[in-house]
Amino acid sequence: MADILTLAGDNLLSPIILSFALGLFAALARSDLTVPEAVAKGMSIYLLFAIGFKGGAAVAENGIDATLLLSLGAGVLLSFVLPFIAFALLRAMTGLSRIDAAAVAAHYGSISIVTFVAGTSVLESQGIGSEGYMVAVAAVMEAPAILSALWLVAKGRPEAPADDGLIREILLNGSIVLLVGSFFIGFATGAEGLEKISSFIVSPFQGVLCLFLLDMGLVAGRGLRNTRGAIGMGSVAFAILMPLIGSVAGLMLGLAIGLSPGGVALMMVLSASASYIAVPAAMRVALPEANPSVYLTLSLGVTFPFNLTLGIPIYVAIATTLAGG
Amino acid sequence: MDMHTAKRVEIVIEAPLESRLTTALVDAGVTGYTVLPVQGGSGRSGQWTREGQVGRSGMVAVVCLIRPERLDGLLEAAFSVVERHIGVVSVTDAQVLRAERF
Amino acid sequence: MDMHTAKRVEIVIEAPLESRLTTALVDAGVTGYTVLPVQGGSGRSGQWTREGQVGRSGMVAVVCLIRPERLDGLLEAAFSVVERHIGVVSVTDAQVLRAERF
Amino acid sequence: MDMHTAKRVEIVIEAPLESRLTTALVDAGVTGYTVLPVQGGSGRSGQWTREGQVGRSGMVAVVCLIRPERLDGLLEAAFSVVERHIGVVSVTDAQVLRAERF
Amino acid sequence: MADILTLAGDNLLSPIILSFALGLFAALARSDLTVPEAVAKGMSIYLLFAIGFKGGAAVAENGIDATLLLSLGAGVLLSFVLPFIAFALLRAMTGLSRIDAAAVAAHYGSISIVTFVAGTSVLESQGIGSEGYMVAVAAVMEAPAILSALWLVAKGRPEAPADDGLIREILLNGSIVLLVGSFFIGFATGAEGLEKISSFIVSPFQGVLCLFLLDMGLVAGRGLRNTRGAIGMGSVAFAILMPLIGSVAGLMLGLAIGLSPGGVALMMVLSASASYIAVPAAMRVALPEANPSVYLTLSLGVTFPFNLTLGIPIYVAIATTLAGG
Amino acid sequence: MADILTLAGDNLLSPIILSFALGLFAALARSDLTVPEAVAKGMSIYLLFAIGFKGGAAVAENGIDATLLLSLGAGVLLSFVLPFIAFALLRAMTGLSRIDAAAVAAHYGSISIVTFVAGTSVLESQGIGSEGYMVAVAAVMEAPAILSALWLVAKGRPEAPADDGLIREILLNGSIVLLVGSFFIGFATGAEGLEKISSFIVSPFQGVLCLFLLDMGLVAGRGLRNTRGAIGMGSVAFAILMPLIGSVAGLMLGLAIGLSPGGVALMMVLSASASYIAVPAAMRVALPEANPSVYLTLSLGVTFPFNLTLGIPIYVAIATTLAGG
C-alpha cells in the first residue's frame, strides 16, 4: 500500500503527467494554447513507430517466447469480452441508451496506446522488464471490441448496418498498420536496426511523449469544457470502475499465461485503458446515432487521466506483488 | 467569356465518411469534386475544432460543380450517405467557364 | 429531394477575432457555422500568407447557412465584430437539404 | 444592413500556378482575393490528395468578390492562366457588406 | 571594444545567424522555400517548452535566489515603462499616428523569446552562467506592455475600447501559459526530470533553433518585401535606437538587483527585444486601426536582426564588463 | 556478384527500405495511414538542411578538393545530356507523346535527393568515405534537365512557351536554395558548427529518414493505385533501364574526374535517380499538357524503389570494384 502511494506520488511528479495537467489546465482556463493538428498527428506517428519498432527489436533479441501466441490470444479475447461487461455495467449504472452504451463499451474493450506507453515508462523507470511483444498484444486488442459493440447493437435492432467496407477499414486502421508494421521492421532488423535509429526512437522518446500529453491534455480539457453537464455521475463512476474491472481481467489472464511481472502489469494496463483515437472514428461510421461527446469524455476525460495518475501505479504494484517481482 | 449554367453543391460531412461520400458521388455520375479542409464549427451536436486532433475527426467540405440536370441524382447520392450522419448540404446557382468539363 | 431556401453567409475575418465573431453569431441565434482555414490573400491592407507563421495571424472564413428571415440579425451581429476590423462579408442565395436543422 | 450586388468568383487551380493567377488578377484590377487550401479532389485527370505531399502539388481555391461590371475583365485574366491547365472557374451572384471596399 | 567585435564576428558565423540570413535571402530572392505553418508552430512549442523546462530545472537545482522576486518585479516594471519611452521617441522621430505609435510601443515593451534564447546560446557558448529564473522574467514581461499601449491610446480618445475578454486573453496567451507551465514542470521535476528528457530538450535544441530561425528569416523577408516603402528612415532609426535604450534600462535594473553578469546580459536582451508573436495578435484585437506592417516590419524586420547580430554581443560585453565577468 | 547479392540483401533488410515497403503496403491495401502534408514537408526541410550542412562541413574539414569544380561541371553536363538519352529511349520503347516523353526525360536528368541520401547511408554503413561536396553536385543537377526538356518540346512546335518567370522559379526552387544554403552554412561554420548541432542533424538522421520513406511509400502506393493501367510495360522497362544507363554515364565521368570510390558511387546514384519533387512542379507550369501520372508513376513508383533496393548496391559494388575500393 505504502508502495502504491510512493509510486503514485513519484508518478504524479513525472514530466509526462505534469505536461498532461498543463494542457488540461490551459484548455479549462480557455488559453489559446493549441498544438497544430499536423504536429499532433506527426507525434502520434512517431510514438507508434518507435514503440512498435522497439517491441519488435526486443522480440528479435530475446527470441520468440512460448507465451507469445497465448498472449495474443488473451488480448483478442479480452478485447472481445470486455465490451460485454462494460455494456452490462453501463445499462445498470447509467441512463445511456442501448446505442450509446454499446459505443462506450467498444472504447473500453479496445486500448489506448498512450496509456500503454505511459505504463512501459513507469516500468522502465523502476527497472522492471517486460515482454517486447506486448506491443503486438496492444495492436491485436484495438479492433475486436468494435465488432462486439456492433453485435450488441445488432442484437437490439432487426436491420443490421451492413457496411462491408467497415471491417476492412477497422483492421487496416492507420494506427494498427503502423504499429504492426514497425513491430515487424524492428523484428526483422533487430538490435542492429535499433542501434541505427535509437538516437531517434529511443533517446528523445520521453520528451516527445511530454509534448504529446500536453496536446492530449488540451484536447481532453476542450472536450470537458464543451460537454460539461452532458455526463452524469453514473457515467463518471463507470469510467473509473471499468478500468479496475478490466485490469483484474487482464491480471488473471496474464497470470494464467505466465507472463513476467512487467508483462502482467502491461496486460492490466491494456485491459484497463480505453481507446480515444481509432474507435471514435469507427463509431462515427458504424454507430452515427451514438453521441460522441459521451464516449470521448468518458474515455479521454475521465479514464485516461485516472489510469495515467492512479491506475498505472496500482496495476504495477499489484502485478509485481502477485506475479512475484 | 462563354459561361454555362451550373449548380454548386457544398456538402459538409464528417471526415470518416469522406470516402463513402465521394464514392457515392462518382457512382451517381459526378465527374469532379473538390475537398476543402474544415478547421472547426458548431451545430446541434456541439462545437468542435481540429486543433490537436490525432484521429480522423472533424468534418470536411466537398464542393461539386454540376450541370443542373444532374442535381437530383447527386443529391440523392449525397443524401444516402449523409442521412444517418451529421452534416449539411447546400446548393447555389452558379455559372462555369469551360462547360465541356462537366 | 426536398429543398429549402436559405442564405449562405461567408465572413472572412482576422483569426484573432474568430471567437468574438462566433460568440456574436451564436448570441444572434445562429444554430451552426463552419470555419474554413484560409491560406493567404490580398486586399487593401496588403498581401499575406499563413506559411511559416507562428502567432495567431491571418484570416479564417466562417460559413453560415441560415433561414432568410434570420439574415438581418446575423449581419448585424457580424458587422458589430467586423466593423473596426479588416474582413469581408458576402451573402449568396442557397437551397439546403434537411431544413429542420436550421 | 446596406448590401451591394457583387459576383463571387471561385477558381480552383493547380498550386504551382497560384502566383501567376493572383498576379493576373491584380493586373486585371482586382482589389482583393482570398486563397483557400484544398485537401484533395477528383476530376478528369484523376483523383489526388495533399496528404504526405512534399512538393508544390495539388490545387488551391482562389475566391474573389468583385463588382459585377468587373467580372469580364477578371474572367479573361483568369482564363489566360487557366487555359492550358487543369482547373475550374465558377461564378455566383452575391451581396456584400461595405461595398466601398471592392 | 575588440572584444565586442570578435564576439560579434563569432556570432555572425554561428549556424543560427546564418540560418536566419538564409531565410531572409530566400524570401527576398522570391524563392518558393517555405516552412509549413504547422511545423513553425510545432517548433515554437518545442522551444518554449524546452526553455521553460530548463529554466525551472535550473531554479530547482540552484535553489530560489533572493533576487528572484526582485527580478520579476523589475521585468514587470520594464515592460510597463518601456512603452512610454518608445511612444515618446516615436512621436518625436517619426510621423506615425498616435495609434500606430502606441501599437509599436507595445511591441518594444514586450519581449521576443527567440532573442532571449539566442542570448542564452551566446552566454553558453562563452561559458557564462545565468539565473535559471530569467525565463520566468521573460514570461512576466510579455503582457504588461500591452496594457501600457492601451492606456496610451485611451488617453488620446474618449471612448475606451472596453473589451473585457482582452485582458484574460493576453494573460492566458498560449506562449505565456506554455512558458510558465513548463517552467513549473521543470521546477517540480528538477534535475531528475531534466535528465529523463534532456536528449529531447537539450541536445537537439540548437539545431531546432536553426530551422526556426530559417523560418523567421523567411517570414521577415516576406514582410520586408511586402512593405518596402511603407517604413520611413525615422522608424528604422527608432528600431535600432530603442533596443539600445531598452538594454540600458535593463542594465541598470539588473545591476541594481545584483544579478550575475549573465543575468544582467539577459535582462538587457529582454529589454532590448521586441515582440512579434503575442503582441501583434493582441494588437489586431485591441487596436485594429494600427497598421500591422509598421509594427511587424520594425520588430521582426529591423530590431530582431539587429539584436541577433550586433545587439546581443554588445549587451553581453557590457554586462560582463560592468557586472564583473 | 556474391558481393552485390549480400549487399542487396543487407540493404533490403535495413529499416529505411522496410519503412518504404510498409508505406507502400499500407497504401496498396488502402489503409487510412497518412502522414500530414506539413509533417512530410517538415521532414524534407530537415533532411535537406542536414545533408547540405554536413556536406559543407565536410568540405570545410577536408579542404576544397581539386576535383570539386570538375565534379560540378560533370553534374551539370549529366543533367543536361541525360534527358536527350531518356527522350530517345522513350520514343523508341513507348508510345508516349512527344510532350509526355519530354516531361519524363526531365525527371531522369534531374535527381532525387532521397535516393542520394540512401546512397550515402549505404556507403556509411560500409565504412566507405566520399567527397563532401557531392551534395553540391546534387544541387546543381536539379535544374538543367528541365531546360533540356523544354528545348526538346520547343523543337517540336513553333510557339515556344515564353514564361520568363519560369527559369527564375526553377533556379530558386525551395529545395535547391535550402540545399545550397545549408551547404554554405556548413562550410562557413565548419566542424565547430557541426558539433553544435550534430545531435540534431546527425544522430536522429536515420530515424527521420525512416519516417520520410514511410511517407514516400504511402505516396508512391497511392499513385500506383490511382494510375494502375495507365502505364505500359514499355514505360516500366524504361524506368528500370534508364537508371542503369544513367549510372554508367555517371560512372564514366566519375572515373574520368578521379573521384574516390564513394564519390563515383554517388555520381552513379545521382545520375540513376529521377526527380519527383522539384521537376513535377516545374512540369505543371511549363508543360501542363504532359500527364503527371505518367512521370510520377515512373519516377516515384518504379525507378525510386528500384534504385533503393537493387540499384544502389549495384552502383556501390561497381564503383568500389572499378575505382579501386
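Each chain carries a letter (A, B, C, D, E and F) given by its place in the written order, and its residues are counted from 1.
By definition in this document, contacts are C-beta pairs under 8 Å (C-beta built on N, C-alpha and C of every residue); 3 or more make two chains touch, one makes a residue touch a chain.
None of the values given here were measured: they were computed from a predicted structure.
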Chains touching both chain A and chain C, listed by label: B, E
Contact-richer chain pair [D-F vs A-F]: A-F
CA centroid of chain A to CA centroid of chain D, Å: 45
Distance between chain centroids, defined by C-alpha means - chain C, chain E (Å): 34
Rounded Å distance between chain B and chain F, as computed from the means of their C-alpha atoms: 38
Junction residues of chain D, two or more chains touched: 36-37, 49, 56, 92-93
For chain E, residues contacting two or more additional chains: 32, 34-39, 41-42, 199, 203-204
Touching chain combinations (by label order): A-B, A-E, A-F, B-C, B-D, C-D, C-E, D-F, E-F
Residue numbers on chain B that touch chain A, as the complex places them: 14-17, 20, 45-57, 84-86
Contacting residues of chain F [partner chain E, same complex]: 36-39, 41-42, 45-46, 49, 53, 168-169, 172-175, 177-178, 181-182, 184-185, 188-189, 193, 196-197, 199-201, 203-204
Contacting residues of chain E [partner chain F, same complex]: 13-15, 18-19, 22, 25-26, 29-39, 42, 125, 199, 203-208, 210-211, 214
Contact set on chain C toward chain B in their complex: 1, 3, 6, 8, 22, 26, 31-37, 60, 65, 92-98, 101
Chain B to chain C touching residues, read off their complex: 10, 12, 36-44, 49, 59, 61, 72, 75-76, 78-79, 82, 88-93
